[in-house]
Amino acid sequence: EEKGPIKMGVLEDQSGDFAVATIGKVHGIQLAADEINAAGGIDGRKLELDIYDTQSDNRRYQEFMRRVLQRDKVDVVFAGFSSASREAYRPIVDQFKGLAFYNNQYEGGVCDANMIVTGAVPEQQFSTLIPYMMEKFGKNVYTIAADYNFGQISAEWVRDIVKENGGTMAGEEFIPLGVSQFSQTIQNIQKAKPDFLVTLLVGTAQASYYEQAVSANLHVPMASSVNVGQGYEHKRFKPPSLANMYVTTNWIEEVDNPASKAFVEKWHKKFPDEPYINQEAENSYIAVYLYKQMVERAHSTDHDAIRKVIAEGDVCMDAPEGHVCIDPKSQHMSHTIYLAKVNEDHSISFPKVWDDIKPYWLGEVGCDLTKENPEAQYTPSDNPKKSGG
Amino acid sequence: MRREVLLETIGLWSGYGGKPVLQGVDLDILEGQIVAVIGRNGVGKSTLMKSLIGLLPCDRGSVLFRGETLDAVPAHRRARLGIGYVPQGRDVFPRMSVAENLLVGRSIDAGGRGETSVAERLEQVYGYFPILKERRNQRAGTLSGGQQQQLAIGRVLIGAPSLILLDEPSEGIQPNIVQDIARIMVELNEKTGITVVFVEQNLDMIRAMAQRCYVMDKGRITAEIGADVLEDRDAVRRYLAV
Amino acid sequence: MPSHSSLGSALRLLEGPQTLGKGPAFWSGFVVVLALACIYPLFADGYDVGNNVYFFNWAFMALGLSLIWGYGGALSFGQTAFFGVAGYAYGVLTINFGDAYGFTFVSLVLATLIAALFAAVLGYFLFFGRISGVFLGIVTLSVTLVLERFMSQTAGPEWHIGSARLNGFNGMGNMPSLTIPWPGGDVVLYPDVPLYYLTLALLVLVYLALRMVVNSRFGNVLVAIRENPQRAEMLGYDIRRYQLGGFVVGSALAGLSGVLYTAWGNYITPSSMGMTQAALPIVWVAVGGRSDLTTTLLGTLLVLAGFQALTIYGSQYALVAMGFLLVVTVPAAPSGIIIGIGSLFSRGLKRRKAREAR
Amino acid sequence: MAILQTRGLDKWFGGLHVTDNVDFSMQPGEVHCLIGPNGAGKSTFFRLVLGEHLPNGGAILYDGADITRAKSYQRIRRGISVKFQVPGIFKALKVRQNLQIALQDHLSGHSLNEEIDRLLEFLKLKDAAGQLAGSLSHGQKQWLEIGMAIALKPKLLLLDEPTAGMTPDETHATGEMVQALNADGVSVLAVEHDMAFVRQIAQRVTVLHFGRVFAQGTIDEIVADERVAAIYLGETGHA
Amino acid sequence: MDFLSSLFSFAYQAGDAFAFLVLSACGLAVIFGMMGVINLAHGEFILCGAYVSTSATHLGVPLPVSILLGTLVAGAVGMLLERAIIRHLYDRPLDTIVVTWGVSMIATQGTLILLGSTMQGTGTPFGSIEVGGYGYSVYRLVLMAAAVATLAVLWLIFTRTRFGILARATIQVPHIAEALGVNTSLVYSLTFGLGAGLAGLCGGLYAPTMTLVPTMGSAFVVEAFVTVVVGGADIFLGTAPAAAILAVVKAALTSWEGQLAGQIGLLVAVIIVIRVLPRGLTGFILRERA
């Protein structure tokens, strides 16, 4: 039928605060698109990218989401790093019945048929990480988290899992975004003497915590769902400031299997200056191939047709991280979860790998996009199940 | 002794933003003279003083100091040639102490021409204006108007200038200190041969100080008065009335 | 009859010493521009129309800052506080009470009034405390940053007003767009042609009203305070009241911007009260030429459109180019780029005339 | 009843006693001059009367009412008006607009414009009407400030060195202006160092010294006072 | 013993906050307090100092020398910027907001384009000491000492040297200073350069403890501005006590209620102090002293 190119809008932060973690996402999309086009495109149609730099500014997401949907008339959008930017553009996607991929780990809970999420969510990262840590280091846990939705909701997950597993919270501290000085926090942790520390620090300023903690001789095992995998702090700080840090990630550059190695190699060939290929870069890369599969199976870029494909429940692929599938109820993705351990010299080892961890939570609380589309974001303390019962 | 021309202007034009105020001023000041410039409000007396020190660029004509043209010389370098400028409205440095204000004036003597040391000159200024010594640690902005005027004069004397440009020095000063200032200037002139050009409206001060006098109107020198006419109070007054 | 003459004298205030542009030439220009703006949607696509509405949204805040800073001489670094307060107020009101029976417009008015009230309280604290100059700038900046930081941590379900979750850093969404009640079914004003005309009408109204304000007795006193507050007081004016008045009006306009923006994108976020956003209105107003309403308005729209275009076409060099534009134009155009461009143009004209004459 | 009266007025700046227990009074319709050495506290006394500074002690009565704590603008509204020592005008506004702002509370429309023109003529600023006030010469600024002060049609006019920088003729003209205002019933309190001017206008003279009332009387009495000559006038003071 | 150790702990926390505020603010205090230029590129001079000193350290230069190098380079860049742009704006200081904001955009994004999104850190030297069972970073004590030393040196420069007097004169009434023989254009450059250099010093000192990214300067700017303004017109009379007051408020609130309270408390303290003292601490101190 239609033979023109398939247009994909890309809205990512190539400058500003988040650029450290997101320039690679654009590269991932470009890499996949080039490969696909070289191999004949999607269903015979070329993939064409309309890339905008959103400058880590929510307003730019609003401006450009309208632009790609209304002016460029793209078939699909890949957009957003921070959850705030996603919430900024989501009303616009909903208004124009667009289709957007959010390729980022986040606090979870988006139940919106116009959104497909390839990043990892808390149930995938914490249900694996926290029990492991408790078993290995003890049951007394301290959390420091960025004081916003992601940090607060993630901390809630940690708290619940710690309790379920018979542990206690030695303390919980929330740090406003942009804070870079941690002397008091470090002392609070020293006082509480936890068995391990969960760090849910976000943004470049907060990452300064690690350096400051070591220099105050605070050496406690650490666990995180966001650091290392997203911000590659182990590459940016001098060893051993991140030593003894455990991270659940769905993929990082160091993952040691043939598919992953080949992926890293072809990436560096195309982008030799890339400082680090992070987890979201891989998620973005995967997302392009998943989209290709959906369009090819639907024989159309029509959203309803694509959703019918998703509803079949077998949109899956073999990614650099392993086998992944899209969950039809939530339109989130299952992941292979790697437990990455940062060693003294900041090399990475993987003490444990969990295959096929599903994004089960949204489905459990009553999100089923095959049936209805609430276009909402739920949280553990605010979801249909809670208000229903 | 033949006196050299110290300061000279030739067909000087200047003004603000294209609007000419001075329209061809010619004057010459001999070394060691005390010369007054008089005229009604707004005729361009202050503009002349600013052009002489270099705070205003001249549009046409030139200013010569000791025979050298100053056209391309910025204000601070003119000052360092030994020209001390006391602006109308005083303009002391408000958030600095009296003593610090005085010290700034040292820059005029950056070349170290002055024969006496700075400390001596400081004492000399304190001798002329005792209130400055008494208030040497007060912030200049909180001085009374007349006190500020004394400070502004003291500030250039510290730099041992060879030429002083005074813009309405008597303004706001109590009568007996006006007399003092006139006396001090004359005394300095006699002792050190300092040259003084001053703008003034106060007849007593003009007559007490000036050896010669230029009358200005509408940006031009309209008359030159010699010592003989200066004797005659009413004659001078008539010139000011125009 | 008396009402007629008072209308006449009010209209006379459209021109005056405090506004550039007078006489038939200016007003015919004004009418031409307005007419062009009115027929614009006929020739533009939906995106451009909606995007222009978005630019218009910010212009109210800029005009308000021009009143406070350009005319009143008080640099407020925190107009975004009123923007945010009004935006959230609109969200809370409409999420709780819905969009039926024209309630979105009631909310627009109420939210703007809430911002004005907040400005009145803060302004009373500032001006009656004789805070001025940079101190005023830092206090207003601190206020907006406090709001930003506070709102950023309201992610939890305990932070709600009625059924409206504040929703922390991720921002509040799901509030309705402006909605006109209509017999055959309410008309929802998405960023499209009807909203364009509504916003344009508001903008023209506010612009003309502000022209009258600044040329009135009140405006005279405001500029007098900017020039020399002590002298103004010694002419018998209670300067604090006038400063407060200007501040409240200007801040209400920032609030109006906030409401319109929130309704436009169905979204409001704490970041809109942060440091970067707080600096933006100052940049627009200063670049355009802060001491005149017309240059402020044109400058703001120009900067907004220019920077957006740069971002679209400049990729990662956009920010560098924007920086260069500011660094080059501001020193070169002391009264703002609009007057700068104007005088460049007229100088060019003169030169050409001179050449032709020769 | 006195138009202006102070009782035991005191003002300290840190350790400096600038206004020291000043009892002062002047009658309605009087032209009174305040003289004294630089730093005697004359301008400070003005600022106290205007509410720019609040006194540390004592009371200020104007037209029978206690205004010690009143706000400045309230005092102006009651009929006081001032020309400061250092002219304070609206620099970036045109001369005409400066006057308009002073006049707009009393007049409007046509009569406002007429009054502005009349004042401009009187102040010899007609040619400068369209100029920015900041670009006036020093003397012109003083004239403008005087114009703004009298535009308020005050009952009590305070003039701090109104003739500084004026030629003798201009000084004389200013004196005549003061006398004309006085003939219209305006009370005038002027600070001056120009004895010719003081002699021309003053009905009574108060000498301040170190913040205290040092002498009081007619100009002839004051000029004849050797103590005043010693601290203030000097040899040729008898203008 | 327990009391002593908590006392030490509080002093350390307050001292830490004090050092951060003083070192962030000094450069701004010179540029803003002295020159009236609102320098929104302050954070980028900090960035410059941090990047230069870190690069030097990576090349094997000893840390103190690297920090000095960062200071000098930032100062030199500041002087260039003053010559090229800032000097055209002294008669309209508020426009410097916009221009320096532009400079800040160029610097931040330019750094990103030229040097990439991040630079590897060097690690914090000197290790830690233990007091009452808690570990404290020794380097933080060095920062506190550096803050005090910086204040002392600045005070000496501005009150005891001829440059200081001429700089203050130039900034207060430029045309008169010029007419009195002061090379005001040189004074301006040097003063701006000094301010920029102090920002560079701050960057160099904090570089080992922080994430090095092009946007790192923004972590300092708000704190720097509020400290300077609360201090008021006179940087020596004002900045140090302002930093001290704000540091105590921040440290107390942070330890009592957490970082959010510390942050918001700092800003609220700013609002209250200015409301009580509308001319800043300087105005207050001067009135008391006079």
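The first chain written gets the first letter, and so on, giving A, B, C, D and E; residue counts start at 1 in each chain.
The rule is simple: a contact is a pair of C-beta atoms (placed from the backbone, for glycine too) under 8 Å apart; a residue touches a chain by one contact, two chains touch by 3 or more.
Just so we're clear, the structure is a prediction, and the values are computed from it rather than from any experiment.
Chemist: Quick one: how many steps at least from chain C to chain E, stepping chain to touching chain?
Modeler: The least step count works out to 1.
Chemist: With contacts counted as defined, which of the two, C-D or B-E, has more C-beta pairs across the interface?
Modeler: Contact tally favours B-E.
Chemist: For chain B and chain E, what's the span in angstrom between their mean Cα positions?
Modeler: Computed value for the inter-centroid distance: 42 Å.
Chemist: Could you tell me the distance, in whole angstrom, between the mean C-alpha positions of chain A and chain D?
Modeler: So the centroids are 74 Å from each other.
Chemist: State, to the nearest whole Å, the distance from the C-alpha centre of chain B to the C-alpha centre of chain D.
Modeler: Distance between chain centres: 28 Å.
Chemist: Which chain D residues sit where two or more other chains touch them?
Modeler: As it turns out, chain D has residues touching two or more other chains at 13.
Chemist: Which residues belonging to chain A are in contact with no fewer than two other chains?
Modeler: Each of 15, 147, 174, 176 in chain A touches at least two other chains.
Chemist: What are the residues of chain C that contact at least two other chains?
Modeler: Counting only residues that touch two or more other chains, chain C contributes 149, 153, 316, 319.
Chemist: Could you pull out which chain C residues touch chain A in their complex?
Modeler: Those in contact with chain A are residues 45-48, 50-51, 54, 149, 152-153, 155-157, 165, 167-171, 173-174, 190-191, 265-267, 269, 271-272, 276-277, 308, 311-312, 315-316, 318-319.
Chemist: For chain E, which residues are in contact with chain C within the complex?
Modeler: 32, 38, 40, 85, 88-89, 92, 94-95, 97-99, 101-110, 112-113, 218, 221-222, 225-226, 229-230, 260, 263-264, 267-268, 270-271, 274-275, 278-280
Chemist: Hey, which residues of chain C end up touching chain D in the complex?
Modeler: Per the touch definition, chain C meets chain D at residues 9, 17, 217, 220-221, 223-224, 226-228, 230-239.
Chemist: Applying the document's contact rule, which stretches of chain E touch chain B when the two form their complex?
Modeler: The touching residues are 162, 165-166, 168-169, 172-173, 175-184, 233-234, 286, 290.
Chemist: Quick one: in the complex, what on chain A touches chain E?
Modeler: Answer in residue numbers: 15-17, 19-20, 23, 147, 173-176, 178-181, 183-185, 187-188, 190-191, 204-205, 207-208, 211-212, 214-218, 235-239, 241, 273, 275.
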